[in-house]
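Structure record follows, encoded as C-alpha cells.
Going in written order, the chains are labelled A, B, C and D, and every chain counts its residues from 1.
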C-alpha cells in the first residue's frame, strides 16, 4: 500500500503520473465555460451565437447532409472511444497500451476536418482518434490497431497513439508533441510543388504551442505562403498542468499577430462556429494567401490518458486531483453532440427518431469494428524486424548467434 | 583556375562560400538607409532625431563622461577590429581562423551594453568582439586569443568566435546561432533565484530570429517575467541572404506583439537612440516587469567573415556579389562613430583635439595588445586534452598504444 | 533505511543538496517531484523549496528545461534539468554543441554544474515508436565533455545522483522505468556518494563475464539463479557509469573468464555493447565475445513483438549457454 | 569525364534526378547549389529548376529544412535537406523519433524518400568548438531506420548520392570538407549508382587491415606509399556506408591479415571504430585490434593542438608499425 503510493505518486512513466493539484485559479476556464453556457442556451433557426469568438453562424448556411454528417461523425468518434473506454474498464479483451480520448472535443476535430476535401492532409497528435474518424478513418482498422492485431492500420506496430492512413491524407497521429507543424508545412510545400490546391492541417494541444517546431512550422508557412492551417485545441490542460501556467497569452492564437498571419480563437464546443472559421482558413489557403492559426477552446471530459476517474456508463472523469468536478460538469453542459442534436431537431432538420436512427447505425458500425478486431489474428513476433527499411528485415540481435 | 572556381563557388565550408546574388530588391534597406540619412544629418544640441523608431534623444540627458565613454568604446571596438583586418590583409603574423567583424555595428553593441551594470550578463554570438569590448573585455587577452596563444582569453582553445570572460558577466561568444536566448533567459532566472537585480542580455543577428531557441528564450522570459533582454542586430544579411527573404516581418521586433512582451525597433546607427531604448528595457527588467525585444537596424560594412572585398586602409568591403556598393556607401554615410564625434564637437562637449586624443589613446591600447599577443607563447599541443572535464585530461587516443 | 524506490531515493539526494545549497534549482515538466517511501514519508520538493527553485509551472519545452538550466548553471547556480522519457534526445544538439563543449572551448572558464535527469521508458509493450525506447545513454556517452550515469537500483540511484550533484561537470543521469523498483535494496536515509566511474561487481564467477546496466542489469540479475542451476559461473558486472567507463574491472574479469557477454536494451549497432567489446578486444586478445541487444528496429507496440525482441532473463540464460559452447 | 570535386559531382547527380523527376525538391540554407567543373561547366540548380524546387531564400532554421523536407517526402515528393556543417545534430531528435521511425511505427505505410545532405567540417584548425567536428555519422548510424553514407572522393559521392536519391528510405549523406577535393579521381558525366552498403577495397594486402572512411580514408590514402616503403602490406578498406555496414569484406580481410586498425576522425568512445572492432572481434577470435581516433575532446582552435590530436597520415603510419610489432 505504501509502496504503491510512492509508485503512483511519481514514476518516470508520465502517463500514469498524477501530480498533486497546483492550487491554481480556474477562473479563466470557468469564465469561458460560463460564457459558452450563456450563449448556446439560445437555439434558434435564424442565428446561433457561437460564444467566445464573436462569430455567429446560422444553420441556414449549411445543407442538411452536411449538418447530419457532422452529427454522425461526432457521434462516431464519441461512440467508438466510449466503447473502448467501457472495454478497458471492464478489463475485457486484455487491452493494453496508450489511450488518449478526445471525448468532449469532437466539435473541434469534426468542425475543422469537415471543411476539408478528401485529398487534403492532416497531421495529428497523441489525441487524434477523432481527427482520424473525421477524415474518414476505417473503424475496423482503428479498432484492430487498438487490439494490436495484424489487421490494424499499423499492423500492431503502433497502437492508439500512432494510427496513420496515408491513402486518406492522414499523415498520422504521433507520440511526440510538435512535429505536426513541420510536417503540415512540408505537406503544404509539397502541394505547391505538385501544383495542387491541397491544404495541410496540423493539430496540436495547448501544450504544443511552446515548442520550437510550432514556431518554425507557422513561420515558414507564413514566409512561403503555404496552404497550411494550425489547429490548437486548447482543452485547458497539459496532462495535469493548467494552460494558464504554461504560456502568458490568454488566447493562444494571438501569436499570429507577431507572425503577421491570419489567426482566430473560436468556441471549440460549437461545431458550426468551428466549421465557419475553418472554412475561411481553407479558402485563404487554397487561394494562396498563406497559413491561418486557429485556437479552439475546448475540454476533454476524461482524464489525460487512461481511465482514472472514469466509471462505466458515466460521461466524464471525476475526482481528479488537478481539476474540480464542477468545472467538468460546466463543460459537459456544453457537450457539442447533444447540442447539435438539439439544434437540428429544434430547427426541424431531423426528427428525434431520425437522430436515434443515426445513433443506432453508428453503434452498429462501432460494434462491428470491435468484433473485427477481436477475431483478427495477433501479430507474429518476428514481424517486429520488418518495416525498418522497405522490403528487408533487420537482424535478430537479441540472440547470440555463435 | 577552373578548379579554383568550382571550389570557391561552393564548398561545405560556408565561411568561404559566396552564393551568387539572389536578384532580390534592396528597397527596404535602401529606404531605411535613406530615412536615416535624412534625419541624422540634422545635428543640434537640443534634440537629435533618431530615425526609424520615432524616439528622439537629447544630448542633455547624458553626462559628458557617458558620451565620451561611448565614443571611446565604439572607437576601441572599431580600431581593434580594423587593426586585425589590416594584419590579416598584410598576411603577417600567420593569423588564421574565423573572423567576423562588427565594423559599422558599434552603436548597437555600445548603445545597449553601456546601459548595463558590470555585474549584468551578456550572451553573445559569432559577431561579438564589439559586445565584449563594450562589456569591458581585456584587449590583450582578446588579441592573444586571435593569435591562438596561451595567454588568450580561451588559452587558444576558442579563437575569435568563442571569446568568453565569465568574471565580467560575458557568458561568451558562440559559433552556433540561437542558444544565446536560452542562456540569457537562464541567467535571468539565476538572478531571480539569487535575489539579485542583475539583467541578462542576448545578442543575435537577423538570422537568429528564425530559430526555436529564440522563441523559447523569449517566451519563457515572458512567462516567468525574467530580467532578460534580446537584442536582434538586424544588419540586413545572413551571410549573403538578404533578411527580407528569410522572414515575413518587416520589423523583426514585431514578434513581441505575439508574445505579449515589450518590443521596439530602433535606429542601430545612432548610439544615443539605442541607449535610450535600452535604458527603458533595463529599467523594466530590474523592476521585474519581464523581457524586452529590441531590434537594432544596422549594417556590417565588411563581409560576413574574413576579408573578401576589403582593402588596406579602406573602410568597408566592396564588390561583393550579394550587395551593391552604393548600398554600402549609403550605410557608411551613417557610420555611428564619426556621427557621435560630430555631435560631441558641434555641441561643445569635447574639442576636436580632445577627440583626437581619445583616438590616439585607443590606438595605443590596441597596438599594445597586438604586441602582447605577438610575444606570447604558442599553445602546447598536449593541452588540447585538458579542460574537457575539470581537473583531468582525456586519453591521447590518436596514438595506438600497444 | 528502507526499501525505497529510485525516485524517492533521488528526491532524498536532491532534498539534501538543496538544503545545503540555497540556490540549487530544478526545471522540470508537468511531473511535480513528489514521492513517498514505504514507511509513508513524503518528500515534496515543491512544498519545501517553493515556486522559484522548484517551479511547478511551465511549458512543455525541453529545450528551455535544458538550455535554461544551462544558463542557470553557467552563472554559478547548480541546476537540474528533468526531462520526460519520450524526449531522450530532444535537446541533443544543446548538449553536444554547448553543454559538453563550453568548458573546453573557453579554455576552462565555464563551469557547468548541471545534472540532466533523463527519464527513459525502456522496452515496454503497448507504447510503440517513441515511448518504449532504450539505449540513448550511448549517444550521450559519445559526446565529449559530459558524464553519463545509469543506475539499476535505488541504492545506486541515490549515491550516483549525489555524486552528480557535487560534480563540476554536466552529468546525464538516465532513470529507466525498470530501474525504479528494479532490484529491491535498502537505501540509507543519510546522504552518501557513489563515485562516477566505479563499476559494481554483482557476482563473482570464473566461466563468463556478463556486463549490463540499467534495464539489462535488472534482467541479468533475474537470470543469475538459472545460470547457477545450469552450472555456469558468471561474473556479473554493472558498470553504472558509461562515461567515464570503468573498463578495467571488465578487462580484469575477461582475462579471468575468457568470455564476455554484453547485454543491452539499446540497439545492436553503435550501442554500448560495441564500445565495451571493442575495448576488451584490444586488451584481451583471444577472448570470446557476444552481445545480446534489442535489434536495430524501433520498438513495436504489440506485446508479442517487443517481448520477443527484448533481451530478457531467459534470453540472457540462452545467450550464456551459447557463449559456453566450445 | 573530368577531375570534378565532390560538390560538382553531387550536383550532377541531383540535376540528373531532378530532370527525371518533376517534383524532387531541395531545401537548403544560404548555400545556393552552384558549382563548376575543371572544364568550366557550371551547374546552377536554382537557375535550372527555379524558386520552388530550389528555393533560394529561406531562414536559418535547420529544423524546418529537415522537418519540412520530411513533410514533403511523406506526401510522395522526393526531397533533399541540405544542412550546414556546424549543425550536424541540430535536427537529431527529428531524425531519431520521426524520420527513422515512421515507416516502422505505421506498419510500413510511410515512405520517406529523403536525403539529408549533411556538410561536415572535419578537423580544421582555427575554427574550434562547433566548427571543426567529425564523427557524427556514427550517431546517426545508431538510429534505426536511417541509412548513413560517407564518401571519401567525388566518384563515390556521385554514385552514392544517386543511390540515395533512388532509395525509398531516408539516407544521411555526410560530405566532409576533406572529401571535396580529397582523392583526385575522374568522375563520369553520365549517371551511375554505387549501391549503399558496398565497401571499396582500396588496396589489397596481407599484413594488416586498415579501415577508415571520409577524412580518415583520405589520410590512409596518403599514408599508403609510406606503409609500402616500410614493408607493410596493408589491405585498405573504405566502407563508404556505415548503415548498412559492409562488415563481411572487413571480416574476410582480418581473417587473412590477423590485424585490424581502424582510423577515425570521430571520437574515441562510442565511435565507428568501436562498432567495426566489436563486429570483427566476435567473428575473428584471436585477431589483434587497434584504433586511432580523435580524442574524447572537442576540437581546440589552435593549430598545434588540433593537428596533434588528429589521426593524419604520419599517425596512420606510426599506428601501423605498432600493430605490426609482435
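To be clear about the criterion, a residue touches a chain if its C-beta (ideal position, glycine included) is under 8 Å from a C-beta of that chain, and two chains touch if they have at least 3 such contacts.
Just so we're clear, the structure is a prediction, and the values are computed from it rather than from any experiment.
Between the interfaces A-C and B-C, more contacting C-beta pairs are found at A-C.
Chain centres here are C-alpha means, and the one lying farthest from chain D is A. Between chain B and chain D, the centres computed from C-alpha atoms are 35 Å apart. Computed centre separation for the pair chain A/chain D is 41 angstrom, with centres defined by C-alpha atoms.
Listed for chain C are residues 58-59, 61, 63-64, 86-87, 93, 97, 104-105, 128-130, 144-145, 267, 288, 290-291, 295-298, 300, each touching two or more other chains. Shared contact sites, meaning residues of chain A that touch two or more other chains, fall at 154, 156-158, 162, 174, 176, 210-213, 216, 219, 223, 246-247, 388, 394. Residue ranges of chain C in contact with chain D, taken from their complex: 86-87, 89-93, 96-97, 100-101, 104-105, 128-130, 135, 138-139, 141-142, 144-145, 243, 245, 267, 269-275, 277-279, 281-282, 285-291, 295-298, 300.
On the side of chain C, the complex with chain A involves touching residues 3-5, 7-8, 30-40, 42, 44, 56-61, 63-64, 84-87, 119-121, 124-131, 175-177, 180-181, 261, 267-268, 288, 290-298, 300-311, 315, 318-319, 322-323, 325. Chain B makes touch with chain C in their complex at residues 121, 123, 152-158, 162, 164-166, 171-172, 174, 176, 179, 182-194, 200, 212-213, 216-217, 219-220, 223-224, 386-391, 394. Of all residues in chain B, only 210-213, 215-216, 219, 222-223, 246-249, 254-260 touch chain A in the complex they form. Interface of chain D with chain A (complex): residues 23, 25, 52-53, 55, 58-59, 61, 63-64, 67-77, 79, 94, 97-98, 102-111, 144-145, 147, 168-169.
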